[in-house]
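Naming follows writing order (A, B, C and D), and every chain is counted from residue 1.
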Amino acid sequence: MNFTSDNAAPVSPEILAALAAANDGPAPSYGADSWTARFREKIASLFGPQAIAHPVATGTAANALALATIVRPYGAVLCAEEAHIASDECGAPEFYMGGAKLIPLPSRDGKIRPAQIDAAMARARDGGVHHVLPEAVSLTQATEWGTIYQPDEIAAIAAACRRHGLALHMDGARFANALVTLGCPPAAIGPEAGVDVLSFGATKNGALAAEAVIFFNPKLADGFERRRKRAGQLWSKMRYLSAQLDAYLESDLWLRNARQANDMAGRLAAGLGPHVIHPVEANELFLTLPEPQIAALESAGARFYRWVAVEGVPNPVIRLVTSFATTETDVDRFLKLFAAQKLAA
Amino acid sequence: MNFTSDNAAPVSPEILAALAAANDGPAPSYGADSWTARFREKIASLFGPQAIAHPVATGTAANALALATIVRPYGAVLCAEEAHIASDECGAPEFYMGGAKLIPLPSRDGKIRPAQIDAAMARARDGGVHHVLPEAVSLTQATEWGTIYQPDEIAAIAAACRRHGLALHMDGARFANALVTLGCPPAAIGPEAGVDVLSFGATKNGALAAEAVIFFNPKLADGFERRRKRAGQLWSKMRYLSAQLDAYLESDLWLRNARQANDMAGRLAAGLGPHVIHPVEANELFLTLPEPQIAALESAGARFYRWVAVEGVPNPVIRLVTSFATTETDVDRFLKLFAAQKLAA
Amino acid sequence: MNFTSDNAAPVSPEILAALAAANDGPAPSYGADSWTARFREKIASLFGPQAIAHPVATGTAANALALATIVRPYGAVLCAEEAHIASDECGAPEFYMGGAKLIPLPSRDGKIRPAQIDAAMARARDGGVHHVLPEAVSLTQATEWGTIYQPDEIAAIAAACRRHGLALHMDGARFANALVTLGCPPAAIGPEAGVDVLSFGATKNGALAAEAVIFFNPKLADGFERRRKRAGQLWSKMRYLSAQLDAYLESDLWLRNARQANDMAGRLAAGLGPHVIHPVEANELFLTLPEPQIAALESAGARFYRWVAVEGVPNPVIRLVTSFATTETDVDRFLKLFAAQKLAA
Amino acid sequence: MNFTSDNAAPVSPEILAALAAANDGPAPSYGADSWTARFREKIASLFGPQAIAHPVATGTAANALALATIVRPYGAVLCAEEAHIASDECGAPEFYMGGAKLIPLPSRDGKIRPAQIDAAMARARDGGVHHVLPEAVSLTQATEWGTIYQPDEIAAIAAACRRHGLALHMDGARFANALVTLGCPPAAIGPEAGVDVLSFGATKNGALAAEAVIFFNPKLADGFERRRKRAGQLWSKMRYLSAQLDAYLESDLWLRNARQANDMAGRLAAGLGPHVIHPVEANELFLTLPEPQIAALESAGARFYRWVAVEGVPNPVIRLVTSFATTETDVDRFLKLFAAQKLAA
């Protein structure tokens, strides 16, 4: 009953097996190996031949490198106020961008709207050189609240970006979870919807430590490789990073893993009903419960994250996250416990 | 016959096995796991209880984070002009330190001398606020030329550091290789010799991607963890980083691996004789050879790195690096080829 | 009728005269001159002997250097959301601090409250290494809305800072304007109220280009001088910066200038009555007026700044700023025009 | 007899008078004033209509801003090892560029040669992403040794820059001194010789605190104004910066000032003969003298700078700098003293 985070999960057996298979004699270092080439081919077949994919080990690195490549130090990034880049990366984007700012936009469901971009740009233009210059928008797919952007919502944001000369970044730490819910091809919520650069997550969905920065707009990719190197994010034994990503995409492992995680979240949601405070569209649930009930769940062995207080929600909020490794048994044990607590309350 | 680099080598089977063993259900993320705890205990037993060890994935990250923690943005680091931090990390230390400078000191054998530190400090003091303030010295053990610092050489440098209020960093990407040659306890070329912070390498010596920053002087460690996070260097599934390091230190695997690499370098050196331009004290050899002979070796399938021209050495220079995975067969094939080429020349 | 800003004003004749007087043969460069010494003595007599004052040319430089000296790159600064450092300096604090964040706190009157600091610190602690670490609070005196902090309000904030280990910075671009309203000694809203470092403004109040960073807590001043140099903020002919500041403090010029500015703001406020949306406590007024009336004032030759829309205020908002150079004639012409427009409307 | 530096000199009376003349009522802030417009027109008439000039207060700011605008954080700048940007600005270029490196090239006379650029580029290319990417060359005119680049020398360096895709920056802290020696139009050692961006100095040659960054290649100027603002280098009362520069160029004041400085340096050189260790081509002289003679000059009241030891020069080296304010009387007093000392020795 560990629902603290999808990063508390282990590694998919297929990915561990790929590491073992890659461990066969010497190989060129720094990415000139065949695993990296194979991963890149898979990305090109999913997102189109213009897609340029660069593996890195962490999601924070992927986001910070992507943003630093498309935003200058006197620039700024518009994002939802709950965005991981704004709240949970200890200033990594600011560090990598050389001090450029994140401009948080308020949001009730984790999603930002085109009108907010228009308004933010009007304010920025008004300030002239005294204000930082927004140069990018960053979306999170799925969002921090476990909701997802529909293709047409992304396209509308991309249109706003084009109106204002902004690049569009997507933090896809849970890209696969969003994708299986939408049931569309990956490109439909990537390049076809107007996304310029994607942080393509795998760690939360079964990899050991593997993400990729994928540029759909090659003009924006200039300098990425030196930035990655000087950030200490270029692996010498790169094959072991790429082998994870290659196995992740092989035989739809990524989609199967995400589907399992989402299904388990849905099963939880179905059993928890009105306590759920956001639509459960991916693998995260947010519940509001009276404190004694939360404490009782904890002492019965359930593991989850206590969220910060949410405005307008009277009781405390907890977050449950499922993963590829979550089983029906896990879910049903939790639901049984929950029902028992409720009865007792 | 791949002698391009020790990072072209695969992963020790023991370390792959440790990854598989760690893949057992959920575990706390970000380092609150038992593998990280076990690794830290091993470090404490090797280097003393005050040693604080933080795992990271690359050597560049280890160096840049270590230096950024001990040097302020208006500061500077004294190092050998060939130092990896100065030549091969694409400005990572400068990036992490917020623009502090590396001040390269000339060196014929890769080692710097206390008198150079004294002279550099005199120059810096003379410049007052117009000059950056040296705050650290960085040594490489083994050096870029495959030579090693003796314990008393390190202690003499540490004494110079104390004279001038400098912290002492050691880039130990090949720490194990130096150690097995010296045959001393690890602490003798670390805290006991006056080193304050060590980049403890494992990747070149059998790990997949694992290094550690080890502070022997806890006063200098302040802020490291937030710096690591904001650099995108904190793994969510940290157990898979720490499990590598734990296995690396288990049953002296690290020393066995390094000994094999060093022995193979020695075997090469013995066969190549006067072409070797530096003492072979670890697992690197530098040879000077006429260009036709180099080309002939390459076309016969030998793999190595062509070095930049070395002042005072008439012929081109090549570098051969051995690893834990280098076998006597590899070495003897190369030596046979070399002898045949020479005969032909 | 130019009320656009106090930085549209000219230079006090006394300060120009001081520049001419300083222009007498050679003088030591970089601050080793007698004008700098004299200015520092005046600061010590105003704020106490422990006060260390460093001249710089702009307010943005003063703020950014002060904050960079007391906040580390992984740190953060709590400030009001309207703060100049957050909105009008194009990311200068972030640049100087190496990417540390500003955390804006909402405020209706430009002032922040101790409870907001407590709440922000609780949130930050909850986030651990994933969140930046607040290390300072920055107040603006007078605020962006022309209001002022009372000594006990500052002391209460300073107490909150001490509770949480934060340094307290004051952006005193209009310090003199606040001071003459309060009628207290300067130290009472500086070191005695718990301020650690002050950006002491003079440019808006009669200088040509001169501010000072004043550390009341010498322990926090470490490294300031190298930071100033590497920011390109150290004047070689420093005497011309210090001579301004020396003349500014001589014979209470600064207080006389500020009093004139404040008096003229009061005279405006008295004539504009209910259109004024904030208490006029220094030399700034904010008016809400129907658009046609604003346009009419503009076409009649009045100059002022159109503010961004203010939440909850139906009409557009304009800002009027007075300076030492504003005369009763200027004010009365504007009031006459205003009355005439109103009558016509 | 103060020859310590041209920045120990006072301000030209014409420039002080211009400040007083500018002090006439309100004026638009941040550069939208008529003094800035007039200065820009003068620059356009000197350097051509494409020249874009931005005033700043210090030479370090001019250099650091110019370089940050043309070099990315993973880039590098090739310069002479004695260059002010490398030795005397406490890391300002590295700070402004976000950690990009300066690559110092050895030089006996302060000048770099095209072949050094070719060699440095070959080394950089060899290193791939592991090395920083040189993106600019920076020359100093006049050099740190008081020598000057001829137009054809600059053109040859510019050709090397074009071969390698590098921008060409000139640190013209003593541009006027070089110009009067060469006797050519300013554009001949600026845009016509291939310079892309010039730090145009005035402070050392009679201004109070005024320099300008002049872009001859408008494509390289993108983002400069926001960089200047966020560096705290944008003056609110800009008219007082521009009025200095306008007066500096008015009626050839800049050339008259520089000629006086150079003439006085020539007069010194003529009297000091074989002790001078570099050609005296501008307003700096370097002398080598036995220590007792240096000490005797000092105790007789002469003021100059003791230089760092120069390789291959047996005795200590001192630097004498003349300025527009140096008189024949100053020079002749020094020469008389020098002759007397020599006789005594």
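Please note the rule applied: a contact is a pair of C-beta atoms (placed from the backbone, for glycine too) under 8 Å apart; a residue touches a chain by one contact, two chains touch by 3 or more.
Worth saying up front: this structure is predicted, and the values here are computed from it rather than measured.
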item	value
Of B-D and C-D, whichever chain pair has more C-beta contact pairs	C-D
Farthest chain relative to chain C (centres taken as mean CA coordinates)	B
Whole-Å gap separating chain B and chain D, where each centre is the average of the chain's CA atoms	41
Centroid distance [mean C-alpha coordinates] between chain C and chain B, Å	50
Between chain C and chain D, centroid-to-centroid distance (C-alpha), Å	34
Set of chain C residues in contact with two or more other chains	73-74, 89-91, 94-95, 98-99, 129-130, 132, 226, 229-230, 234
Of all residues in chain D, those that touch chain A in their complex	30, 72-74, 98-99, 129-130, 132-133, 223, 225-230, 234
Chain A - residues contacting chain C, complex	73-74, 76, 87-91, 94-95, 97-101, 123, 126-127, 129-132, 308
In the complex with chain B, residue positions of chain A that touch it	2, 4-5, 7-11, 13, 16, 19-20, 22-29, 56-65, 89-92, 95-96, 203-204, 208-209, 226, 229-237, 240-241, 303, 325
